[in-house]
């Protein structure tokens, strides 16, 4: 491996302009994270305190090993939905370290709306459990939710079932789960702790029942208190629905840590590891490297140099299909195969990618996709040379590799290029976006042109010419729609990724994600490597 | 006469181990005796053979003369070394041993008996010309007599039980009121502790030094002395730091005191090793206290400054041989200081501590001698004296000896129970000790030595970190994976 | 998890360790440490300062020999401690239905935690009923020979608020 030689001129005007632009986006990201995590009305915090409840962040601090990282997933979920009523989807998910063990944490946030589940809350929870299942991560549930947000029940009902279904599948796959009941678990929610291997309830605040006291009163006329109906002592000493009753949240979380300590240790997949090393180049330079315009190009090697160990990279087929950079590097000591776009995908680049992915698959090397792709090259010449066929091969190989795939939307990720680079639909173990990125079927400018043409053609068929200002209005409408829906802030709010990350956090994010992914064994299907 | 082929050591702990070392050097086989609680102890392991003793208490076993004599007969031991404590100063034991045809390594029973009685020994000292403290000739009959005698001698006075020792039954009185109370309390205590209520009274010396002369005598009429030891650093009337020579004693004084001690030994027909203990006032006047008819705990300091193996001399003398050196051949060179390591809490009135010795590391190096009888894993119990070891520093000058001893004590690792090693190091590092300004009230005069040490913030931090890193409560199985620990607390 | 470790006063201690490296938080302040075995001792580096320490653990006490003397530190898990405090109900109850065989306390008696209060017989087995905490006996609802159901109070202690 050799150190990448950076060509970046940090004194150039473009570097300075880019930096200013990207630091602005960084601030936008940090502000959004603050709103999602911290910004709560005082009365909401007072109410938690009255209930003797800790904030979800305080609970996480108690749960996680000190001095260890926490890879939080989709913290901006629902940030652009429900008029901001459900910041962070009112649930925190992420991969963290508990008693030395990598676990998936799913922790309810009851500071607003009683921690009700909104459709995107459920999507976020289901995604976390999908990740747990795929990567064989044990799960710690810190449950504090008022249940489904009923005004949106139609969007929740079927999806919500996936939560419990996933829990059963986790158990079936031999992946342990522990629940800490820190609030009410009513109706369907009652299954959440009950489907865990072990559950801990806090006296007074933790309740588990199919129907709460008011509903019981309405249904059968029975007068019963919440504690009688589903309190910690009843469930741990009478029904056996839960396993441990404790007095405080601190004790409950400490006990959950002990429970994690009883689990069998993880057997991580055997991959090539070495002692980690910081990148030679300063990751903060990424702010000056990433262009201030989605249409501007840059060399993906400059990004690789600021993410991988020692900025060391072994580039595969450097002189072939040069719109895609492929090669080996280490991230936090884990060997990875990197595929990074340096322009539109041509047949050569697609074929190189297919060959490279097969090599990595054979050698148990996880794949990291760094997106900056507008799609496959179009035009008569390229169709004749089989661009669609070569793209299909790339998709076929990529979809069927057995090593973990992790994607980062570094800049543009559009069209079939997104698919070829293991976009959301292609099942990467994790997918993260940078705040400057854009992702849609096509670029906004193209979309405006294409859709305007379609509309004009339609008008012409009706025998009309677009009137004064009509063309501009159509262009503005289409442009606004594409700008909004291709924005990473919108996409992350809709759970189309696993989180929006600051570019300088890419290395840690990938390291955590890669490490988590190795909890699942890599079982390769036999077959030779084709020199495609 | 020749040396015995096999010797039974009627003792335990460090002194038994120390005696066996000399036996090995002399090519003599050793027999240990032990109570079941000591079955796995170091003195049993060091011996060539071992005989178990039984008793209602562990101490009773070691005091059972009959069993020990039987053990000699059974193992064919030709001689018995009693060490110190236990049976070492019991004339009846010496006689019983002799009656069984076994040699007692120690003085004749008569000498033991004569010196064992405080009043009788004082009388003999006077005859031998050893200065004694002015005091009552006989036991005090009642409080009135005590007050009369005190008046005659002059206050302050010390009241002592005749059969006492080690500070038991001793009281200082500075006024008639105190004298009345002291007499009553001492009498009562003497009856309770020794079954002998006789109490007598003598002049009390303020800021006294404890000086003692080591004597050696053979059965051929040779009596020599090996100079003095100073044992002024005492707690609860028991010595904790002893040294030879005394920084206070001049060669002339040494000659004078030595001659007096030799004269007393001759007077009682002494053989073997013995020690004449004196109290010395700040003007250098020594007064006879008592004579110990046995090996002393602190004998190593004399051995180090004279090069004489006192135990070997005892064995030779018992075998009827002559002492290996004459008075003219005795040379005092260098300085040796011994510290007694006890399981006790120096910061809480020296209350004995019990508990396991989970980690034991004794220091070694030039000028360091450690006599100990413990093994890692031993339990310090209330059954026996809580002395664990004697650490001795030896060097050309007293300063060298102090430095070596303090370093040795700081490097003595005894974990699992409370010990006094740090206290001892603090004592010998004290400027007044270095200046030789020692007297039996040293510890009372320097209360800081017995106050708990307060750790500064940096020290506390190291200790807390060490405790955290070793506590099984922080389970090693739950260590953070390497890569995650390198990433650190990254929670963007 | 945090532990309370006291030399003289309790300090809140957290630990994250990997191999020979660890971060130790003492009352919230982080210290980087490294340990290396040195014979039976440990060479501990904390914030760049190196010390040789000898350490032995005896249950909740950690003995450390460092700086030329021995120290003893107490290690307490505060959660465990509070769980312990949480115990100690006001009555000793019957673990199963049975007959009271004997009583060893009466009203007004002082009892210590764990003291045997009564013996019951059930399913041909005799079981000792022990005091859940120290306290004073308020009343003994059943007499010897009487039967009772599961969970019945056998010996009731004066409640702690009342004392």
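When the chains are written out, they are named A, B and C in that same order, and each has its own residue count from 1.
Everything that follows uses one rule, which is that a residue touches a chain if its C-beta (ideal position, glycine included) is under 8 Å from a C-beta of that chain, and two chains touch if they have at least 3 such contacts.
Bear in mind the structure is a predicted one, so any value in this text is a computation, not a measurement.
Counting C-beta pairs in contact across B-C and across A-C gives the higher total for B-C.
Nearest to the global CA centroid, when each chain is reduced to the mean of its CA atoms, is chain C. The geometric centre of chain A is 75 Å away from that of chain B, both derived from CA atoms. Chain B and chain C, compared by their mean Cα positions, are separated by 42 Å. Chain A and chain C have Cα centroids lying 43 Å from one another.
Counting partner chains per residue, chain B has residues 479-482, 484-486 touching two or more of them. Across the assembly, chain A contributes 65-68 as residues in contact with two or more other chains.
Counting partner chains per residue, chain C has residues 1, 15-16 touching two or more of them. Taken in their complex, chain A has these residues touching chain C: 65-68, 246-248, 250-251, 254-255, 257.
Residue ranges of chain B in contact with chain C, taken from their complex: 356, 358-359, 361, 409-411, 413-416, 418-419, 421-422, 425, 453-455, 458-474, 476, 479-482, 484-486.
Against chain B, in their complex, chain A makes its touches with residues 65-70, 72, 97, 99-102, 261, 265, 276, 332-334, 501-502, 505, 508, 511-512, 515.
Contact residues on chain C toward chain B in their complex (touch as defined above): 1, 3, 5, 7-8, 11, 13, 15-19, 21-22, 24, 26, 31, 33, 35, 40-42, 44, 46-47, 49, 51, 53-58, 62-73, 75, 77. Chain B makes touch with chain A in their complex at residues 475, 477-492.
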